[in-house]
Each structure stands twice: as structure tokens, then as C-alpha cells.
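Next, two complexes with chain A in common: one pairs it with chain B, the other with chain C.
Take a look at the complex of A and B:
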């Protein structure tokens, strides 16, 4: 692969919380059009990595997005550059309506015609959201909130979406649904970096994966390879 | 008490209440987004009154230029205070921010004494605010109504801004979760500046109208209105804008009416606000419109 389809390049990333080193020098890449997943147990540093990329925790090392360093760039500018995040726990604004939640993500966009097309697109993917368009976000069910969070990331028209535990707390049927949407969004040209504890689902849908253990990358490979890896099976797929 | 006299007191109470409400909104908005009690807010009220006074008395500008100009200058000062004193402390524990607010308050008051002088100035009302209006046996001076009408218009503008505009939407989002608001692409710094500008503009309007009602200004004139407006914000449920309005009116009207009905208690006038606060908090700790808030972890 050529250098030019590198979307995200993370080199020797370190993240400290006070004196605790949460991420101890990890390196990974994401290429154009890929779904890449970081799997690992609670506290392995997965969410911290996404938060560093989005510019909301301080970090050491290197993070480059399309060849440009993200050092010192504030969170809202990173979104404007095309990196959207669906944060852990969804981050829905319960006091804003569904429509307002989506509108907020278009903050940086000036292309009004395209914005209304994207509303149509989000409502086509998630007809449920259209039914609840003027309801406060706080009144939605967990699954609907997750859809809204993904829809919001689409509205900011990130060419790359960072997903933090999208399956968390959802019923199996909804987990299926969310992963179907992730695949669909990816097929539409969006590059995806997915953080998951549900290693089975994540690896089955990802092109490549990295296994994160207490702040370091212990394994990497294609989705199917990692699924077949005995150590992954034992540690993350329940034997 | 005659009915006419009662109406006169009521109008007086409503106008005092609308001043408390104008000032209370600034406390409640800043608390809503930063969880900060901006103790310097009362002093911003004073700055607004002085800016209008200098515009009108020193530079001889007509009121319709001096007053809006004073509001704009004060809004800018509010933003400067946020930039210099509060923004650098945003990542630190709340107590630091609170201490900074107390320090800013003392700084403004003492700078005020140095720059404006400690002696009070007489504030001249514009003529149209000094008209004696007779209703049967009572007469009310026109500023009472003008205060109420102006405050009403400002409340309407504010509610429109907060509920119907993009910036208002971002403010409401910010009050729930500042980090996620940044994550969806909103420039949170700018929204915080906007909030301080709005709150300070309303405080300035409150200060100017206060000076037309009690036409004497001094560098400490913002302290008591600031404190009462803070109580009004807590009464209404701090963080809640309609709550701050309701709290302001409740406080202003009850303060005037209690003294009107029980003149022997007039010496305790300022104590009523605090008594009402204590009573209300015993029964509704989150204020009239306040929601039960779980502490953020």
C-alpha cells in the first residue's frame, strides 16, 4: 500500500493520567476505507487512545491524520478536519431534541444543501430517529441513543469515525443492527476505528485488528486471523 | 391599605423583581455551563451603570447611544474577565475558580474606588423615564413601567437566543456535557465567551435600569443587587434560566410587599431575601425549577 492511503498513523503514543501511564507507547495505522478495531479488556487503554486522537486528553508520541500532526489541535478543529467520534456511553444531550442533537454536529459545516442531504441519509439508515425527531434525546431507549450517536457522527461528515464501545449495554439484536450500520457506513466510504470489548463481533466486521493489553499492543493481524488466534480466543472470545 | 396604594407597591415590586431577574440570569447561565458561582457578577452590574453614566454625563451622549454602548462595553468586559481570570483555571478544581471569582470581585470594587472615586454620583434619568403618571389617586413615575417593559423585551430576546438559535443550542448542550460538545465539533471556548457576553450584557442593562430607579451610583452599588440576584437564581433553581426569572420576580415582589404591609419591619428589608432563601431551601433544596442533579463523576 502506498503512503497516501494512510488515514491515521499513531506512533509511540503515551497517555498519562496523573502518575499512571494508561497507554505505554502504542503504534498502529488505519488506511483509507478500512474498519480497524482495537480490542482489549477494561482499562487496557482503548478509550484513552480515542480520546487522545480527538484531542481531549494530553498525549505523547505522534498522531498524524492524513499526514498532518494532530498535536495541539483543539477538539472542534479535529472534527472539522474530518475525524468524528461516537463517545463511550453515547454522549447524547438529553435536554436537546433528536433533531438538535444531529444539528449540533453540523456546527462547522457551511454546505447547507449537503447538510440536508445528510439528514435524509441519516433518516434513511435510522427511520426510528425520524419518528422521534422532536423528542428530547433523554427519552430515547439505549439502542435509539446509540443510533443517534452514530447518526450524529455521520452528520459531521467525518471521513473517519471513531467508535467507542458502540455495542455497550445493547441487547444482542441491537448489537447486530449497530454492526450492520457500521459496515454500511464503511461501505459508503467512511474509514472506521472501532474500540470494542465485544471482540467477537468487532473482529468479524473489521478488516484488521489490534489487541491492547494494559497499555501495550500485544497482537495484531487481519480480523479473521485474530479470530482464529488461540490466545485471542482464550482471552477475549471465551475459549 | 387602599387598593391604589397596593397597586403602586405591586408595580414597584415587579420592577425591582425584573432587575433581580436580569442580574440573576447571568449567575444562572455561567453556573449552568461552568458550575461556577461568578461572584464578580454583581460588580459587572456596577460597571454597566458607570459606563452609562460616563457616556451620558461626561461624553454628553444621548441616552439612546450611551445606554446601548454601555451594554456592549460591559459585555466585552465580562468576556475579558472570563479570558483572564477563569479560562486558565478551567481544568483545576472548582474551588480555585470560585476563589478567583471572589478575587475578581474585590479587584473590580477597589479599582472602581480608585478610578471612579469613592463618592457617589447622581445618575440623571432620561426625561421620558421621569414622567409622573396618575392613575386615579395614585401616581407612578414612568421609569417603573419602562424598567418592566425593557426587562420583558430582554427576557424575550434571551429566551429566543437560547431556545431557537444555533449558539443557544450549543449553550444548552454545553450545560449538559462540555467535553462531548467539543467532540461533536462545537468550539466550546467561543460558546463560553458568548455566555459571559450575554450574562454581562443583561447585568449591564440591570445596572443601568437600577441606576434609573435608585439614581445614585457608587463603586459598591453592585454588591447588594448581586447578592440578591444570586439568591433569586438559587430560589429559581440555579442553572435554570426561567427559574432565575421567576426567582427574581418572587424576591422583588415579596421584598416590597412585606415592607408595605408590615412597615415596622422595614429595617429588616434586606434580611427577607435571606429568610425566604432559607425557608425555600428547607423544602425544595434544588429551587423552584431546579432538577435533582447527580454529581458528575
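Take a look at the complex of A and C:
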């Protein structure tokens, strides 16, 4: 593999909350066109890692996006560089309508014609959102909010999306559905960094994965390899 | 088609409103004209507070301070040199102001710009704070402005205040400014900037993750608000013609917050309606502060009684109408027409159809 297809390179990343060291020097990479997943127990530091990449929490170490250091770059610039995020807990704006929520993701974009095509695309993937276009985001069901969050990330047309537990709280059918969309979006050329509790689904759909344990990476490998790994089975796949 | 119809309706409504203003200006006595002017000033105050707090979620308590800046600019730029000399008899006024006398329009604009400038300078550090801390910081700023007014005699004439300010403010100026304010604030909150502001209000972290520049939008809301508060302040001083620092105590901010809450956070219609109701209501209550005699019973007047009643009313609204009179709803022609038609339809079909069914049909068509 060449250096040039590295989309994201994280080296010795540390994150402190006050005196608590939540992430203790982790390193991983994401290459062009990949789905990479970070799995791990509650409090392992997965969400913190994504927040660091998006520029929302201060961090130490190195984060490079397409060869460019993200140090000191404010969150809104990072989004403009093409890194979209679906934050944990969805980050739906409760008082804004479905349409307004989606529009928020597009407002850095200048390609108006493409934007309306993307609206169509999101509504094709999630017809349910189209039916509820003028409903306030806060009144959607949990699953619908998740669709909205994922749809919104698609609208920003990031060349990379960071997904924080997109399957959280969804019925099994919808989990399938969300993962289908992730695979589809990835096939369309978007690189994905996926954080999941649902290790089974995540590893089955990811090219590669990393296991995060209390702030350090304990294992890494291809999706199928990790699925077969006894320690992973025991800890994350329910034996 | 539809947009055109609404624009026409708006223009027609403005024309009718203009006619009403002309009628009021020519037929009502000065007392009531002044009250209607105050309605407009308070409408601007409430609408701007709504922009900062209702739409952007920044709990700023600096309104009295910004209003004071506007009011003093309005006074100092319109007072004639002779009047200035008469006012500043203890200490002469700063030389550069002594001979300034400007027409009203540039005065209003300068009042707004200065308030916006100072507002942005205050917002710069203060907006890093959130919630209660921002409230405390802006409240402190407002008090600092007032203390400046008391102590900077050569500029403000200190605690004695300023008298003989020309009474330029009439219903055309005051309501003209109120309508411009509502129009611009409405355009702003309906734009992509406004969407970003509302996103910040709903969830700051999520907005940031989506790429919303928090600082830029907060500053924008602050500066636009401060501009119009400044304009309203200048309208105010050129209305009541006498101002002193005590006018801009925290109670002014408190009233503005109360009015906005009553009208509904996130409803400009609510702000305008509540501001006018409040101003008129407070005037109607004036008699209760003077001595009342019922038969042989004599109730002595208590200044401040009206504010007690206002506070009780506010309490009532907060307890029973959490979201204020209008919530987040906004007046619109579509709503009015739908409402009128819905009502007709309901009357005709109430026997056969449930009223909600009729209303639903209307909304869809």
C-alpha cells in the first residue's frame, strides 16, 4: 500500500479530561475506501477518539487527514475538509424540522444542483424521512432520528464519515438496514470510521477493526480475523 | 403564486397599518401616542432578546446596558449646542460633542452601530461562557455601563441625566423601526445563519460537530441584537426627552426577559404582542399605585405595585403556559387563511366531520 491512499493517520493519540487520561496513546490508520471499525467496552475511549478527530476535544499526539495535520484546526474547518460526523446520541436538533436538520449539513456546500440530488438520494435510502419532512426532529422515533443523523452525514458529502454507534437502540431490522446503507455509501467511495457496540455486525461489515480497551488498542486485524479471534469472541460477541 | 399573494397581503397590511398610525398620531392625545410609541420600543427590545436567547440560546442579560448606550447616543447627538450647555452646567461637555447636532436618522444609525460595536467587544470574551455564566458576565457589563454613566460627567452629565432632548420620536419612526427590526430578524432566522443559530440553541456540541462555527454565529446574533437595542434606546430617549442612569437599572432587562417569555421564546409575533400588551396593561394599572378610596376605606398608594402584579402575571404564565402565549408559533398569512377557512368549514361540516378532520384536510390542500 502506498502512503498516498492513507486518509486518516492517528499516532500516539492522548486525550485528557481534567486529570483523567481517557485515551492513552493509540495509533491506527484508515485508508481510502475502507470501512474501519473501533470496538470496545463502555468508557474505552471510542467516542472521545472521534471527537478528537472532529476537533471538538483537545488532544495530544498526531492526527493527520490526507497528509495534513489537524492540530489547531477548528471543528467547522475540519467538516469543510470533508470529515462528516454522526455524533453519539445522534445529535438531532429537536426543534428543527427534518428538512432543516438535513439542510444544516449542506450549507458549506456550493454545488446547489448536487445538493438537491443528494436530498433525493437520502430520501430514496430513507423514505420514512421524506414522509416526515416538516416534523420537528425531536418528535421522531429513536430509529427515525438515527436515520436522520445518518442521512445528514451523507448530505454533507464528506469524503470520510465518522459514525458513532449508528445502530444504538435500533430494532434488529433497522440495524440491518443501517449497515446496508453504510456498505452502500462506502461502495460509493466514502471512507468510513465506525464506532460500534454491536461488534458482531461491525466486524462483519468492516474491512479492518481495532479493539480499544480502557484507552489503549489491544488488538487489530481484518474484520473476519477479529471475528474469529477467541478473545474478541469472549469479550464482545458473547462467548 | 402563493409567495406573491403573501407579499401582496403583507404590503396591504403595511398600508393599513400606516393608515392606523396616521389616524392615531392625529386623533389620540399625546399621552396615548406616547404609550403606543413605547409599545414599539418594547417590541424591539423583546424581538432582539428573542434573537439572542429564544433563537440562539445565549442567555444574555445585557439589554439595559445596550439600551443605555443607544439612549445616550440618541440624546447627545440630537441635543442642540445651547441645550447641551444648559444641561452640563457643573462640568462642561467633552469639546468634540459640544457643537454636534444631527438629524434623527443618522443619529439612530450611529446609536445602533455603537451598541453593536460595544456588544461585539463584550461578546468576544463573554461568549466563551455558557448558560448562567454568560448571564452573570453580561449582567456585570450592563452594570458597568450604568456606573460609567453615573461617573463620566463630561460625557453623560452623571446622575443628573440629560433633559430637553428633542422629541423626534413619533409613531412613524418607532413603528417603522419596529417593523424593520422584525423584518430583518425574521429574514436572519429563516436563513442558513438562522438555522445554524437554532442548531446552537438545541445542541451546541452537535452543531459544532456538524461544522457550524459557534463563535461566528453567536457574535452575529449578538451584534444584530445590540444594533437594534441601540436604535430602540435612541428612540426611547427622543421619546421621553429626559433620561438618567436610573432608567437603565437591571429592572429594564428583567422586564424585557419577562415580556419575551410571556410572548413565547422563538416567536417574534409573541414578542410584539406581549410587548404591546405589557406596555398598555402597565399604563392601565397606573391608578393602583395612587391612593384609592372605596367608601370609607382608604388604600394608600404604593409605588411599584404594578411590578408586583407583573411578576405575578409572569409567574402565572410560566406555570400554566410553559411556552408563553405563542410558543414557537408565528403569525403567517397561510395560517390566517387556513384558520378562517377551517373555521368556515368546521361550521358547515361539524355535523358530519370531526373538527380535527376538517382542519387536517385544510392543512394538506
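Basically, the second predicted complex is superposed on the first by the 239 of 239 C-alpha atoms of A that agree within 3 Å, B and C clash if a C-alpha of one lies under 4 Å from a C-alpha of the other, contacts with A are read in each partner's own complex, and residues count from 1 in each chain.
Following the convention adopted for this analysis, contacts are C-beta pairs under 8 Å (C-beta built on N, C-alpha and C of every residue); 3 or more make two chains touch, one makes a residue touch a chain.
Here the structure is a predicted model, which means the values were calculated and not measured.
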{"item": "Which of chain B and chain C A:194 touches, first, second, both or neither", "value": "neither"}
{"item": "Which of chain B and chain C A:156 touches, first, second, both or neither", "value": "both"}
{"item": "Footprint overlap on chain A, where chain B in one structure and chain C in the other make contact", "value": "54, 56, 74-76, 79-80, 85, 87, 91, 93-96, 100, 103-105, 107-108, 152, 156"}
{"item": "Partner chain A, residues of chain B touching it in the complex", "value": "166, 169-170, 172-173, 175-177, 179-189"}
{"item": "Chain C to chain A touching residues, read off their complex", "value": "192, 195-196, 198-199, 201-203, 205-213, 266, 328"}
{"item": "List of chain A residues in touch with chain B within their complex", "value": "54, 56, 74-76, 79-80, 84-85, 87, 91, 93-96, 100, 103-105, 107-108, 152, 156"}
{"item": "Footprint of chain C on chain A - complex, ascending", "value": "51, 54, 56, 74-76, 78-80, 85, 87, 91-96, 100, 103-105, 107-108, 152, 156"}
